[in-house]
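Just dropping this structure here.
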Amino acid sequence: MNKNDIVISVKNLVVAFGSFHAVDGVSFDVHRGEIFGFLGANGAGKTTTIRTICGILNPSAGTVTVDGADVSRSTAVLKPRIGYMSQKFTLYPDLTVRENMYFAGSLYGMSPQQIDERSRKLMDFIGLPQRIPDPVSHLSGGVKQMVALASSLLHDPELVFLDEPTAGTSPQTRVAFWALIRRLAEMGKTVFVTTHYMDEAEYCGRIALMERGKIVALGTPAELKQQFFPVKPLEISFSAPVQNQMREALKQAGISSAVFGNSLRVRAANRAALERVCAPFAGQFAVHETEPTLEDVFLQAVSRRENK
Amino acid sequence: MNFSWRRARSVAYKEYKHILRDPFTLAVTLILPLVFVGMFGFVIDLDYKHMRVYVRDNDQTSVSRRFLQEMSSSGYFDLKPVHSPSEADQALDKNNSPALLIIKRGFGRNIRAGNPENPGQIQLLADGTDNVQASIMGTYLQGVVQKANAVFAKDNPELSGGAEEAALSAGGQIRSRFLFNPELNSRWFIVPALSTIIIGFLAIVLTALTVAKEWENGSMELLLSTPVRPAEIVLGKLVPYFLLTFFDVLVVFVLALYVFRIPFLGSFLFYMAACWVYITGALALGLVISVVTRQQQAAIQFAFAVGLLPSFIFSGFIFPIENMPAFFQYFTALFPQRWFLHISRTVFLSDAAPLTLATAFGAILLFATAMILLAVHKFKTDVEP
Amino acid sequence: MPALRAQVHGVSKKMGRAQALKQVDDGFGAGQVHGIIGPNGAGKTTLIRVLAGLLHPDEGRVEYDEAEKLISAADVKRVTGYFPQEPSLYPDLTCREHLEFFRDLYDLPQAPFEHRAEELLHATGMAPFADRPAGKLSGGMYKKLGLMCVLLNRPKLLLLDEPTVGVDPVSRQELWDLVYSFAGEEMTVIVSTSYMDEAGRCSQVHVLSDGKMLSSGMPNDVMRHFGVTDFAEIFLKNE
């Protein structure tokens, strides 16, 4: 992968709906063959950003270029190169898989032979049987998502946009789906994926954390953890029922902690201060270092932004 | 857990806020009656006036001329004399929806003789392709005949027996129209009936949407997890829409009296009581639909089917019940619209004692009670499908 | 007033064609924070609705007791609070109007209501948004409002169906903090979640998969039971 091979370049993007800035000054680059993860809660601005890059929404300010060409001026050229799996509409529930494929392919002007050949390859690729006679509404959620992915790949796009492809699916499906995404990237496709599952972000090459229209952190998962957690989070477990008292004492000292069942998690704290607070409880607890998660990173990034 | 007025009141208060904050619903409820009144009161004039009729008077007596004068002064007919059969044929061929009235020879003589066995004869040839106009012509012509009979009877006191008999032989329906709407003014007939349509449609749709909406936006699940009871929700949903619909009825009432100058001869209090009962029944029917369908789209389709259609078709608004086949005459009895329409027209145009409307009032009361009970009974307290 | 304990005995429930719950036996101890974890379609919502008295089991029964005293089914709605997963508030009503509506539904007298509402608005940090319509709240604030509505009545059993779905990590953290600040002697909490990383936040986890209760207990014990170090693995291994 050539690091300098930038496919998508977003500069100071603003998308406003009335006075509401859904995307509020966002800049980032996506490299060819990369899995670029876009993370954030519902309403953070992920879908709006994707739609702008795909050319179905116009930016209010800033620019989006794909291979150097401004997206809003070259949508016709761009669209055949993009595969987009939307989070809401994916497939017609009353049509069969084959009928859905034919429809999707015909939108890109593919011949029936081309569609047949491509869908055979894709069904192979996603590991589904060639002939599924049932209408899509009879398929399980996981299979449906796989088929939707196949239909967005039908015209062999270079850029694949997946908007929350794993929302509401089982852990098995999610693992299988991410394996497919990795293989797509290995085949040289650029995959742009959004999710609100923080644990999925670990599979991405680079991630952008989005919150209220802004990117609050950007980098590889390891870089971000290093950047936000030079000191690792702590887990305090208890051998006596002093959890609530300890939590209260920490709070008094300005150290926030989260209850995790029968232990407390302290994300960031001055070690000396922590030891002072804990001293009266000596012998009733144990402290371990834990690995930061991307959720920790997110919380840390947001709290830094708010403290600024 | 007993019925709590407080919970019912808070459901009503919440509903009232929904109405206030939804400009669309509010606008529809306030504008729809005006649209209906405008449409049926001004634009659609069911009166056929100045219908062209060719006349061949083969009698040519003072009596036949007197009859034609009576006919022409009614305002419904534009008379064009023709003088020969060929001229008549030409006229019929040239015109759309033509009609030809032939006064038979001996018309005047027979009238003067006053023998019911051998009356004066006229013949109306009307274009059957416009059967509405043809039948209206027939009806109006009967009216003219009746009026002319009265005139002839006055002119010839010794003929009064025959004229009375002629009046009696006319259909009861026509007689009642003539009694209470001597001008045959369709506005007098339609405007009092508009409340029936507006309530029968609007009230059902309004409530049909409310419960289904709560199911669709998920709030029903939250409501059902609280101690609130079906009867409280049903009552709470009825009250605000009752007031809204009743306001519409008052608007139509005021327009009828002061804009259309329609007389109100019956008991105002009785009419209001009937309105309250009918509104309640219609709203409760809407709730039943909503409770059963749980989906706004299905509810609105149902509401159209049981609200709008019967209001127009089975109420007697467009098609007189008396002219329906026997089966449909009984079938319409199922619809409160029919009973309320009857009450509404009667109290406007006659001073009949409320007691004569006891059956109709009983019918809408029964309907309203049944619907409320059904709505409460069908209301589920769980989320089972 | 001690918290409620719920005991589920052999509950089976069919939803449409699917057997949503299969002979579920489980106990939810008083005063604890219970997490029902499982993937979508495992039967979590059905179980929560059964516990809330909104669905009736085809087989089996649920018993509730308060300090060993059984509570009748008719009284359960008075002492439970349930907030569904799907949006269920009125978008056009403000936060304060929601609280007032629920005050009446729960028949609360005005003075204690005012005190409780202030306490909740303060704890959730929602006081500045009290006059904002629910439809204009962010995902996290919306859930907090729902939580306030059901907490007004001081339920002894709080049932939350996937309260953290689609909520940003910051609000998610705040919601969990709220849950822990209200749980305890007077309230049992049962939360369902499909985020496996949230299992560790509960004091007791109940692993539901395909309508069956696979295991329940303290998070570490349950992981040990399955021989895994991460809850997601349970469902991957069961494939």
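Before moving on, here are some points about what is shown:
A, B and C are the chain letters, set down in written order, and residue numbers restart from 1 in every chain.
We take it that contacts are C-beta pairs under 8 Å (C-beta built on N, C-alpha and C of every residue); 3 or more make two chains touch, one makes a residue touch a chain.
What you see is a predicted model; the values in this text were computed from it and never measured.
Averaging Cα atoms per chain gives one point for each, and the point farthest from that of chain B is the centre of A.
Here C is the chain whose Cα centre lies closest to the centre of all protein Cα atoms. Between chain B and chain C, the centres computed from C-alpha atoms are 55 Å apart. Note on chain placement: the centre of chain A and the centre of chain C lie 27 Å apart, centres being C-alpha means.
In this assembly, the C-alpha centroid of chain A lies 63 Å from the C-alpha centroid of chain B. Chain A meets chain C in the complex at residues 40-44, 141, 168-172, 175, 196-199, 211, 258-262, 293, 295, 298-299, 302-303. Per the touch definition, chain C reaches chain A in the complex via residues 33, 39-41, 138-140, 166-171, 173, 176-177, 180, 194-197, 200-204, 218-219, 232, 235-236, 239. Listing the residues of chain B that touch chain C in their complex gives 1, 4, 6-7, 9-10, 13-14, 17-18, 21-22, 217-228, 382-385. Note for the complex: chain C touches chain B at residues 15-16, 49, 52-56, 74, 77-78, 80-84, 86-93, 97, 100-107, 146, 149-150, 153.
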